[in-house]
Every structure is written in C-alpha cells, then in structure tokens.
Amino acid sequence: MIRGTVHFKIEICKGCELCIVACPQESLGLSNKINLQGYRFAELIKDNCTGCINCALVCPDAAITVYREPKSALRKSGKEAVEVK
Amino acid sequence: MIRGTVHFKIEICKGCELCIVACPQESLGLSNKINLQGYRFAELIKDNCTGCINCALVCPDAAITVYREPKSALRKSGKEAVEVK
Amino acid sequence: MQINDSIEGLELVYQRPATLTDTPFHYCPGCGHGVAHKLLMEVVEEMGIQENTIGVAPVGCSVFAYHYMNIDMQEAAHGRASAVATGIKRVLPDKFVFSYQGDGDLAAIGTAETIHTVNRGENILIVFINNGIYGMTGGQMAPTTLIGQITSTSPYGRDEKLIGYPLKITDMIAILPGAFYVTRQSVNTAGNVRKLKKAFQKSFEFQKLNKGTCFIEVVSNCPSGWGMTPVEANKWMEENMFPYYPLGDLKVPRTEKEKGSNNA
Amino acid sequence: MQINDSIEGLELVYQRPATLTDTPFHYCPGCGHGVAHKLLMEVVEEMGIQENTIGVAPVGCSVFAYHYMNIDMQEAAHGRASAVATGIKRVLPDKFVFSYQGDGDLAAIGTAETIHTVNRGENILIVFINNGIYGMTGGQMAPTTLIGQITSTSPYGRDEKLIGYPLKITDMIAILPGAFYVTRQSVNTAGNVRKLKKAFQKSFEFQKLNKGTCFIEVVSNCPSGWGMTPVEANKWMEENMFPYYPLGDLKVPRTEKEKGSNNA
Amino acid sequence: MHKAHEIIFAGFGGQGVLSMGQIIAYAAMIEDKEVSWMPSYGPEMRGGTANCTVIVSDSKISSPIISTFDSAIVLNQPSLDKFEKAVKPGGLLLFEESAIINLPTRSDIEILSIPANEEALKLNMKRVANMILVGAFLEKRPIVKIENILNALKKVLPERHHHLIPVNKDALAKGKELVNEEIKL
Amino acid sequence: MHKAHEIIFAGFGGQGVLSMGQIIAYAAMIEDKEVSWMPSYGPEMRGGTANCTVIVSDSKISSPIISTFDSAIVLNQPSLDKFEKAVKPGGLLLFEESAIINLPTRSDIEILSIPANEEALKLNMKRVANMILVGAFLEKRPIVKIENILNALKKVLPERHHHLIPVNKDALAKGKELVNEEIKL
Amino acid sequence: MDQTLELIREARLMKGNEALAEAAIRAGVQAYFGYPITPQSEILEYLSREMPKRGGIVLQAESELAAINMIYGASGAGARVMTSSSSPGISLMQEGLSYIASAQLPCLVVNVNRGGPGLGTIQPSQGDYFQATKGGGHGDYHLIVLAPASVQEMADFVFDAITLAEKYRNPALILADGALGQMMEKVELPEEGSLEYPEKSWATVGKPKERERNIITSLFIQPEKMEKINLELQEKYRRLKEEVRYELVSTDDAEILMVAYGLSARICQKTIDLAREKGIKLGLLRPITLYPFPEEAVASFASKVDFYLVVEMNAGQMIEDVKLSVNGSRPVFHYGRMGGMISSPEEVLSKVEEILETQSVSNTSTGR
Amino acid sequence: MDQTLELIREARLMKGNEALAEAAIRAGVQAYFGYPITPQSEILEYLSREMPKRGGIVLQAESELAAINMIYGASGAGARVMTSSSSPGISLMQEGLSYIASAQLPCLVVNVNRGGPGLGTIQPSQGDYFQATKGGGHGDYHLIVLAPASVQEMADFVFDAITLAEKYRNPALILADGALGQMMEKVELPEEGSLEYPEKSWATVGKPKERERNIITSLFIQPEKMEKINLELQEKYRRLKEEVRYELVSTDDAEILMVAYGLSARICQKTIDLAREKGIKLGLLRPITLYPFPEEAVASFASKVDFYLVVEMNAGQMIEDVKLSVNGSRPVFHYGRMGGMISSPEEVLSKVEEILETQSVSNTSTGR
C-alpha cells in the first residue's frame, strides 16, 4: 500500500466531517479539542492514509494538504494525481 | 353557387388590401375614393361573392359584415359558419 | 361598375363582435394586432364571458387595447403584464384573465415574469404577439428578430455573433410543467385565423377548468416596422417567420392529443 | 493515539491553491460554496490565467467571494451578475470572465439576464450554485426548491399548485443556441469534485476559443438552510436533489461528444 | 417677411412631411438664420398622422414647441381637421388637393389647394409631390431662396442620389407655377 | 438593581442564544418592565456568531441598539474575543466553560465560567445548557424572578412541549447552584 | 427561529416585522406579494405561515419588480394588498410605484430601510427618506409615508396606512428601519376585522352589462389629459395635508427643537433626558407622517426656539423639509450617522452642546 | 427617417438625440448599452449604425435593468461607458445607479425626460428632477446632473459629463427632455479624440502579479466601514461644489429673477424679451449643473431682486433647491405645467404679472 499523510490547517477547519466520510481508509476523525472558532477540528486517527486526496478534494475549506510516497513505480500516477488534483 | 354579399364600414377601413387577397372569388378591390382617414377603402367589385367570410376573418379592422343566402339545403352549414365565424 | 350588395333574402353570417367598442383601431393598415383583438373578443362574446373577463395589455402597440376591448382592463408596465395578470388572477380566481403582450415586452424585458408566471402555472391565458420587432417605439430589434433582418437597431441585419439567435421563448415555455397548452398560430389567412380563434376558445375552456397556463404565440406582422405594405408583410412573414417559428401546437393536453386535435 | 504524520520522504500531492487568499471562508461548515470556490481557483491557477481572469459574484452567500478568490472581481446586484459579466466581457473580450451565482439570483430575480446572456452566447462561464434555497437571507424558498421541501417561506412544504414545480432552468438554457457547453455537476464526492473541476477547465478552454456561453450548474448543499449537518445534507442532496436534477452533461460540443467525453 | 416664421407640415408618415420641414430648415441654416425643427413623435404615428414644426427666425429661438402657425402645409384629412384652427389669422393653409374631402372653412386665412400628387405623377416621380408643395409654399412665403433648397439638397443627399436633384428642381418650379395658376383663377 | 440592565447573549447560531434573550425579556415583560430584544442579523450569521441584546428597564427604552453591556453571556470563543471589551466596568461576563480556549483577561469586571454543557449532559438534555446559563446569570443579576422565567416558558411553549418545563426548571436551579459553587472557590 | 415562532404565538412580545405582518392580517390585507431581503424577510415568512390558515393570499414573487406589479394588478382588481422589502428592493419598485401612484391605486408598501447606497449593509438606516418622500420614481407623484418608532407602531400604522391609502387612492409607505423590524418589544395588536372594506367601483372585477368598462391605466398620451391627471394628483396631495401627524415631546418650554423620526426619535428622547439633567431645554418634534410633512407644526416653533436640530440616520435628508418649513427664520442644524451606524443619545447631546457654543459666539458677533 | 440619416451626415442640422450620440463617439465612449424608449431611441439607433464602423461597442440590452448593470460591469472594467433612457426606464435603473454611485464608478447616463408619473406621455417634461438630483435609488448618494438647453449643449455636455464623472469617479446624468432629444438645430460638433482617458488603476482588468486584486463592490457589511464609504461620498459631494455651472441672462438690472433649466430656460428667455418690452425687469439664472446646485449664485440675488420665480415643466421640484438657497430672504414662486405640457413665454409672463399684482398688494399691507 502506498503511504501518505495529511496535514490540517486546524484554525480554518470547521469540523464538517465531510473529509471523514470521504476517506476510503477511515483514517480521519474529529478531535475532542476545539479551535479558536469553536469547532472540533478534523485529524488523522489512523496510520493508514494512502494519500489518495479524496478528503482534500471534498474539503469545503481547503484545509487539507496531502503528501504521498513518491515510489518510483508509482511516480507517474502520482504525477497524474497532482495534475488532476 | 351560394349568393352572398359584404358590407364595409368604410370609415374604419384602412385599405390594407388583405381582404382583397383573401377573397377566393376575387370579388374585392380598392375604391378610387378615399375616406376621412385618407385611405382608399375596400369595396365589392364583382357580383360573385359567396359569403364565405374569408375577407372578414382576415380584416384587421373588423370592418366587414357578411351576409349569405340561407338556402334551406345550405342552412345547416350556414349556421355552422356563424358559429365558427 | 354597379354591384348588387343588397342583403335582401340574405342572412347575417359575420359581423364585428359587440365586445369590441366602436373606437377604430389606431393600428397601422394591415396590422395583425387588429385580427388578434377581434378574435379574442369574438370568443369572449361567444362564450358569454364578457362580464367575467379581465385583460391586461402592457406597453407596446397594443397598449390601447382597452380602447377597443369592451371589458375591464388594466394597462401594465413594459414587460410586467404577466405579473399584473398574476396579481389579478390570485385575488379573482374565478374570473378569466388574459395578458396580451408583444415580443419585446414578453421575451425581452419581461422574460423573468413570463417564465415564472408560466412556471407557477398561473391559470391565465398569455397571448404573445410575435411580430419580430418593437412596433410601438418605431421598429427596433426584438429578441425574436430574424437573423439578417434589418431594423433601426440592427441596421446591418441581426448578427447572431453579436446579439445571438432569435429567441424561441415559446419553445422554452413549453417545457415548463406549469404550461398546460402551448401553441403557435398566425393571422395571415382565413384558415389560420380560424385556428387561432379555436386556440383562444380552448384556452378559456382550460382556464375554466383551472388547468394552468395557456400560452398562445401569434406570429404576426408589422408592416410599418418592416417597411412593407400589408400584403408584402404577410408574404414576408410566411416566407421568413414561419420557417423559424413553425405554426402548430407545442404542448397539447394529453386528452386533447388523444382526441386528435385538428389544430395545425 | 500517536499518529505518524511526518512528511519525510513524501511528496506534496495536494494543497490549497495559491489563487485563494488566506482569508478563511465565512461559509457554514460543510457548505458546497467552499468546494466550488476552491476548484475554480485551482483551475485558474493551473491554467495560469490568474492575471487574465475577472470574476463576478452577486448577492447571495458567495457575495464575499472576492475575499477569497485572489483575482480581480466585481460584486453585482442581486440577479444581475450575468449582465455585469456581459459588460466586462464586451469591453475586455480577451479576458476570462465568469459569474458565480446562486439559484435565487440566477433563476429567480435574474432569470431575464441569465437567459438573454446565454442567448447572446456571451463568451463567459456562468457558474450556477443550485442549493435549492436562499442561503444568505436565511433559508427562503428558491425557484429550485423541491416539491414538499420545507423552507421558511414554504413552511408547509413547496406546493406545486401554489407556486409551481422546481425550475429546471439549466434545461431551458441548454436549448439556446448561444449555450455552447451546459453541464450539471456536484460537490459531494471526490469523484464528482473531479468532474466538476474538469468542467471548469473545459469551460475556460472553450472561452479561450470564443465558443459561446458555458454554463455549469453545481447541485450543492445548504446545511444551515436545510437544517441538517453537512453529512446529512449531502445525503439528502443525493437522495432528493439528484433525482430531480440529474448530474451530467446537458449540452456538449459535437467534437467533444465525438471524442467521447468521460464526463458524467 | 416676419422676424420668425412658424410652419407645420402634417400628413401620414411616408408622405415625406418630416423631410419637407428638414429641407426648409436646412436651407434657412445655409442662409444663416436660426432654425429649429420639431417632429411629432411616438405612438400617435401608428396609423395616424405625422407632423413637424419648423421655425425660421432672424434671432435666437426659445421654445421649439408651438401650437399656432404662420403656415400649415397639410397632406391628409385628419391633419387638416386638426390644424386648420391652429393657423394664425392672416396665415397660410396649403393642402394637397386629392387628399382632402372636407374642405377647410376658415375665411380669415389664405387657403391654397395644390394638386401635388397629380402633378407628381405627371413628372413620373410620385415621391416629389412634397417638393411641389415646398415650391408652392415658398412662392407664397419666400422665407428661404429656392436655390438654397437646392444647395441644401446637394449637401444633404449622398453623391449617389445627386441625379435626383434636377427632378426636385422641376418639382419646386412646378409648385411655384401651380400657385400662380391658382392665383390667376 | 440598575434602572436599566443591558445584556448581550452571544454564541453560535443553534446554541439558543436568541431564545435565552427572549425568555428573559418575556419574563421581564410579565413583571411589567419595559423590554427590548434585538438580534444580530444577516449574513454575518453564516458560519459565524449570533447574538442578541436585551434591555430590561423600569422606564421607556430609547435605542434598542447598544454597544456596551452590563452583562455578557458568551457561548463561544469568537464572541468572547468580540464582546469582552464591551462589558461596562463593574459588569458581568459569564461564559460557557468548554467553549473557551483563550480566557478573558479583564480585571475590572466580574468573570464567571460555567460548565453548562457538561452539566446539561449530566441532566441528559444537551439543549438546556442555555437555561443553566440563564439560571447562573439570574443568580448573579436577579433582574427577573426565576418563577417568571417559568411562567414565561409556560406561556411561550406550546402545550405539547409543557413536559419540558420541569427539566428547564432543573437547569435554572443548576445554574444557580454552579454560581454558588463557583463563588465558594 | 423556532423559539421565536413560539414566543410570538402569544402575540405580546414580538418582532417589529412580525407585529407588522400580523397587523396586516388583522387589517384585512387580502393578498401579499413579496421577495425576501434582510432585514424584513420575517414579514414574508410570517405571512407564509399565517395567510394560508387565515384565508389570505401570499405569494413569493420572482423579484421585487414582479411583486410590485402583482400589487398593481391585485389592487386594480379591488383587493387590499401589500408588499414589503428593504432599500435595494424598494429601488427596484420605483417604476411600479410611479405607475401605481399615477393609476391611483391604494396599496401598502413597507420599506425596512437598511444602510446604503448600493448593497451597503443590512444595518438600520434612514437613508431612503428622499426616495420615500420626494418620489424615487419618475414624474410628479408622492407616496403617503408613515414612520413608526416602536414595534407597537409597526402594527398600528398598518391600519393607518391602509386607511389613508384607500381614502386617497394612493400608495402608502411605511418607512421603518432594520432595528424596528428586527427588535422585539411588547405589543398590543389591533382587533381583527375592524377595518371596513370601502366600495371600489373603479376596480377591474369584470364588467357587468350595466356599467362602462373599468380601466386601470397611467397612460394619457395627450399631454392635455396627462396634465389633468397631474392636476388631480396635486390637488389630492394638497388635501392630504389634513392628515399630517406628529408627536411632540417636552416642547412646552423647549428652547431647542430636535426633529427626528423613527428610531432616531427614540434616541432623541433619551437625549432630552440627558440634556435636561444639564439644564438644556431640549424638545422633540417627531414627524409621524413624513409625507405629508408636518411643515406648519415645524414652522410654528420658529418663534419659540433658538434653533432646530434634525437628527437622522443619514447624511441629511429630512433637514431639507425642515428648512423649507422654517424658511430661514431660525438656524437648522443636522446630526446624522450613515451606512447603518446609529447615533447614541450622548452623541446627539454633544452636538447640541457644540452648536450652543458656536451659536453663543455667533450670537455675540452677529447679534442674531 | 432615411432623410434624417442623410441630413445628419453633414452633422450640422441634427436632432438632439443624434447630436448627443455623435458627441459620445467623439468623446471616446467605448461602450454603450441601452434599451429603446421614446423619446430617446435615436441614441441607440444612431450608435447602432455608427459604433460598429468606428470601433465602439453597442449592445441593445434585454431591459434597462440589464443595461445599467452592463454599465456597472464595463465601467468597473475600466471602459468609458454610457447608457440612455427616458423616465420609466430610468426608474428601473435606480437600484443600479445606487450601486454605481456606491462603488464609485464613472459613467454617463442620459435621461430624456417624458411626462409622468406612470406610463404618462412621451411629451417633454422635467418631472424627474427630484429623482435625478436627490437620488431616486436607496441610500445617500448623488449623481452629477447636467441640464442642456439646446442641441448644441446636448453634444457639448457629453464631454463635460464624462470629464466630471471620471474626475470624481461618480455617475453623471444628462437630464434633457423629449423636445431637446427630438428637435433639430444647428450644431457644431466637438473634435473626436480630444478627451484623454485617465488612468484607472482601480479597474478590474485582470490582476497582474505585482498588484493586489482590484475589487468593485458596494458591500460593506460592517456599518463602521459603510459609514466610512458614506463619509467619503459626502466629502466628494462637497468637493463637487467647485464644479457648479450656471448661466445668467439679463440679470444685471433684474428686479425679478427667474430660475429655470433646459427647455424651460429657453422659454424664459423669450419671456424676458416680452417682459422688458413692458418695462418689467426680468432676469434669468439657468442652472447648468442641477447637482451640484448653484445655491450660492441663486442666493446672491436675494439682495437684488424682489422675488424669485422658478419655472419648470413639473409640479414644483427645483423650487425646493431654490428655496433652500434663498433661505427665506425673498419670496420664491413657481410656475409649472405638467404631464408633457409646455408653458409658453406668454403664460410665464402672465404669472409674473399676477405675482407683481399680489406682491404690490402685500407689499403695501405687510410692508415687506
């Protein structure tokens, strides 16, 4: 499996949970903490992120940055992904 | 042939000639006289009107009254015509 | 020539309807507005609904319709006739209400009102006189002006690249569920006049049954605006307007269709 | 739980586009406006047209789009975005111009402007966010509100007998010759987001080629107006909006069709 | 000649009433007079009358909108009915003969009936009937010189229509002639 | 008690801030006081804060729009950030404990932190958190009687919701209790 | 919102918008046509809930333009009708209002004024005074304009406005502001059905055989006729002066007269209290009818007060009517905040004090 | 019409509408958006013929509402733009005008005023003075308003209006009337290209990397910000006073001052001649800018004349500005015809004489 990870801009996350339901790996959950806006924000809750960017695509607040393993074998498709975003 | 005739309200006729072209009998023409509005008005120029009401239907100024022979044989269809106008 | 126009022994088969006032139309010679007025009022007379019919005519050559139609009427602001008619019909749901609008009025400035009135299925009749031009203001381009047609604001002919194609608003209307009966008729021949009259009749019958909006486009002429004689104008209309705006029903109630309407 | 979110050895594959400013969206949690904004700006970034793109956002929840989109923008009066965009495009024909309008804006008060802009084939992109409600003003019924849907002005559910059926304005738009590319997309899943983005891309490409109006309906949500959580709202949208507003292309340029678009 | 001359030209649209006024105004402008030309406008034109008023004056013109006239040139019955009473006492009323059924009745003004249509047909140019009327009018009220009408036409008509100037000249002359005939009666 | 008491209730939409204000205003009306209730309104509500101001007064109220307050009841961080400075010196700032990350810093006002959400969960009624805050507030500033809050609820809630009155009563009591605990600290 | 609904059921603590809407039903409004806009959407929302239950017609139009023309149609058909909007929406109604005024149709229009120009803000403002009183549409016409200053008056003036509109066959406008629409206050609602329906023999309800057809129009192509219509209108506006209404507060011994309407008048009431504590004898004249403007009442103070201060939530609009009334016999000053800002009683008082200072200086120097 | 076309080719005897249209091209108007309406359709028609040949943009909009918003867009994008209409169409533009004024966009709007209210007549009128000068749309804003009185000025003022609009970033309105639009007079047209295009750094033309994005908006949801915008606007209106323009006719020895603009002013000029023949010393002040109004100039005659007479083609609108200027120091009277009627010089003179009579009576009785 491809290894990936996500970073959240937690200050702008609104805890809508759309990324959570969009993640095929069920890697995401809501934090018990709240941010300055008063929202419980999203966070990675499992170590199985593949960097598929689904969560980032559906995030209405553009709060997610996604990183992925640049396996030489996967490089090409990885590039593609960047282009399609 | 059924006998009919037409009367014109010449004061409101505008001489548009639409009745003239609509008449299948070519019974109509423009007068050489003008009415108070300054228009040459339409008039019957032949004795062959059948009372088909075509001229009256297309007259934009509702200036034409049509009469027709109430032949007993034709009475029914004559009535119809009244209804359809 | 001495012509016999005596009515002795003859019977009256056609006369100006009593629902028209005696005021002569101010329309230009040969103008289709007159024919449409006359037919509408004939139907009102024959259906015996003069007392229950309220008409709305907005700005356009027919703005003075209330001088001619012997019924209660309202004059509406340019483009707003169907909103005005909506207002009337909502408070007087048992009356017959129609609007009578030009192409500039209905398809340009009044587009939103037209579409939403039909979309709501307001139970009224909309009469849409499409003469491809702004008659009243002296012959400017209308949304329905044909490609290449010269008007005072399309002096080089309507250019679809600059201003788009003639708007077939009736086709758009027809796809709205609120539209119950949509047809396109004309005024040029006795046959077409009969069909148009039939369409008026049906529309009022449907209105009585609360069926929704009836919408009748009347492809008409504007001899003055087009710079033609009436006879030339009708010919031009047949040759140029009819191909682009083909006559016939665009939407007929199912039962009607099944009955096999003899319309267009 | 200790989660490894180190990026060591990983490569950046997705980030907030630089064409968005740093200002956080004021939209409610889960609102589809955010997704649409983001995608539009991604496309502007990727196509390198930030310097040549001018956006128009009218009143509606997205009225503050100019706080977020890092391009020259104009705020328009309610309903008039496409007229404003027309004004811009006519004087700057080489720039990319888009309007970004809600359903109240585009399909109610702005109906006339919408239809005539498309009919003229204005060479712009119209983005139409259909969330079936007036979001900004607090959840009133929109022309696109579904039958039975409860809003603050349809408290007993939208009743087609009183106010008509939800208006499929995109279907009406599609029959206009001025419309070059008309599609209906959504924002609910990663797959749909990709398709929507593709639609934005194509539209700008067509605009570059002066093809006419591109019109993209985005079936979207309004968790606040609908009184649901974002997750519920997306589900409700899939179950109720999609059947009435089916996603997919309504009008694709011939060559596109022949090439066999993988869209919808 | 008066300090200012106020004229109305009235008939159907299409009879050239607006251009009659314009050409006189233009000629007066060539003569360095102050002029104003004001058309009737709007929906009353539908199937009705068109008219224009012209003021030619030696001094600045205040209101271009006037309701009484020194001269009226009338080309159809409705216009006659409407404007006969608007001619100032001692003024001139000139009308196209064939267009009028009910003749004017005033006795305090000068009335001229000009068979312009008939004469135009004779000249084989139906469209110059209005120029015959202009010729007649100017013979009666020489507020501008005929040669300046022709100069105006030269300036105003595009090159390709300059061949029409001679027939217009003839029409003007015919108008003058008709007036003098008339007077002889 | 002041002649007039001016309060702001602020938090997210959905937290019941508007109804907190309304119920107090209604109770004051029962006590024949002059009241006004004024909500924030419009698009700033989108994803942001909602608030309302209430004035309870013995005499006629002039402007319902005020910018400083005798008391502020705050249910989220943005509201705290915005309204802390608007409390009049000597005034009261009461906030929901779990909603606040950055605590208020003023020393010239009375500040109370109430764990209303936590206690509401204990009462098994998440929605009465706001009533706990009302109870706490009224304990500190008894501008209306608790019983009139209950009377107000009775009048205001439709019959079918009257079963909720007891739990609201409990919530009000809990609020009072929390204040006194707090004070004990 | 739910809670609001429940609270208002008792109809005692109500939002201004809702009190107005409920009053409209009680005043026998038969049809409402409108379009949402903050800060008055509650009117449409309230009526959407209540009208169907109570036999009235409510229709959300596709725009304000459509709404005002539906009003034209329905009023012309004899119904008691109403619409409401806020500033930009009212601007869109200007053509329609001019038509309605010209066709002499009674109707009630409510403008819950927000801060402009343009899209502006949704906060309260009095920036639409000119538009309301001078006629924002084309031609010489006037609306009857009433300015409430409390939730109670939001309800009461519906009755007054309709009565005047029908008596004079003229559109009436209630000019409120966002605060009056949004705030809740105690309100006692007028009795339902207390307002009789006048005979409307001119309405287009279908022409019976025995009468001439009725025509609703504003088109009189002959200027002679159109001038007659205008003279009729002007004559009506003269008669309307009898309907002038205003309120006086602490004017008996006032040395300075404030003139303010609506929310501004409430603020000025507080200013009076503050001023009198300092010994400044302030009074207030609150115009209730903005058109007809209480010019005589305003003028009558010229001999009693040192100067006038007009307080508005705008850049200075009603001040023109005050100046026209005072006609130079006393100085007239203005204090106003704009764009949704509301002045405080203290600010107004400072302005008074500032004028007093400069006045006393100029008094000494000019002897005025 | 054909003949008209040919006549104007020489560009010496032209209709007001056509002279204005030709002047617009010569003044470098880059885009025109408009909708037909009598009595100004010739502007659109002329530009439809000429703009394509001369590289400009002309677009017949689907309505006046669309037109004014196209103007907003195109002006925001930096172009020199123009629209025109007549009274009902101008009413439909009120929301748009308020937006344009608030967003501070320069543009030229032409109102060829016809008789109202409502559909009214198409004959000339000055019934839209209030709408033009006080702001028919919502909120505190003003248009720059110029009033031509001849075909020559119909052309000239296009240049002035555009210059002012761009200098102050404010919409400018030319307020003419149907007669000025329709009549032909001798006209000398200004040189093409003489008006420079100013730098418009604020325009939305696409954001280069090195600058912040440009935003055209009138939305400032925080009232504090909206008030700032308003203060900016008010400050601009104060500066605008420098641009006041007016014309004086026979005022040197005048004992009575008429104030009139546009066509009414021409009529008054004739009245002066008639009056002076009778020994009545009439003078005329003709405001050329209706906003800013020449209040100082008007006031300056208070010490010289016995009274003022405002002559308008309406029920009395500019009279308010005259009264506000004179501020009670002299009586101000009004004479006006309405609904498309035009007063004759003789009528105006009768009015003067009538006032003289009553004045001399009241002079004796009140000693004023």
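When the chains are written out, they are named A, B, C, D, E, F, G and H in that same order, and each has its own residue count from 1.
Please note the rule applied: a residue touches a chain if its C-beta (ideal position, glycine included) is under 8 Å from a C-beta of that chain, and two chains touch if they have at least 3 such contacts.
Because the structure is a prediction, the values reported are computed rather than measured.
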item: Longest centre-to-centre distance from subunit G, chain (CA-based); value: B
item: B-E or E-H - the one linked by more C-beta pairs in contact; value: E-H
item: Rounded Å distance, subunit A centre to subunit G centre (Cα mean); value: 55
item: Mean-CA-position distance for subunit F and subunit A (Å); value: 39
item: Residue numbers of subunit H (touch at least two other chains); value: 1, 38, 59, 62-63, 65, 88, 95, 99, 103, 119, 122, 217-219, 221, 342
item: Of all residues in subunit B, the ones touching two or more other chains; value: 14, 37
item: Interface hub residues of subunit D, defined as touching at least two other chains; value: 25, 27-29, 31, 59, 63, 75, 77, 108-109, 111-112, 116, 136, 138, 143, 162-163
item: Interface residues, subunit H side, partner subunit G - complex; value: 65, 87-88, 90-92, 94-95, 98-103, 113, 115-123, 125, 127-128, 130-131, 134-141, 217-231, 233-234, 314-315, 317, 320, 323-324, 326-329, 337-342
item: Contact set on subunit F toward subunit A in their complex; value: 12, 47, 76-78, 98-99, 101-102
item: Touch list for subunit H against partner subunit C, complex; value: 1, 35-38, 41, 44-45, 48-49, 52, 59-60, 62-65, 88, 119
item: Subunit A to subunit F touching residues, read off their complex; value: 14, 34-38
item: Interfacial residue positions of subunit D with respect to subunit A in the complex; value: 1, 3-7, 9-17, 20, 24-25, 27-35, 37-38, 42, 46, 187-190, 193-194, 197, 223, 229-231, 234
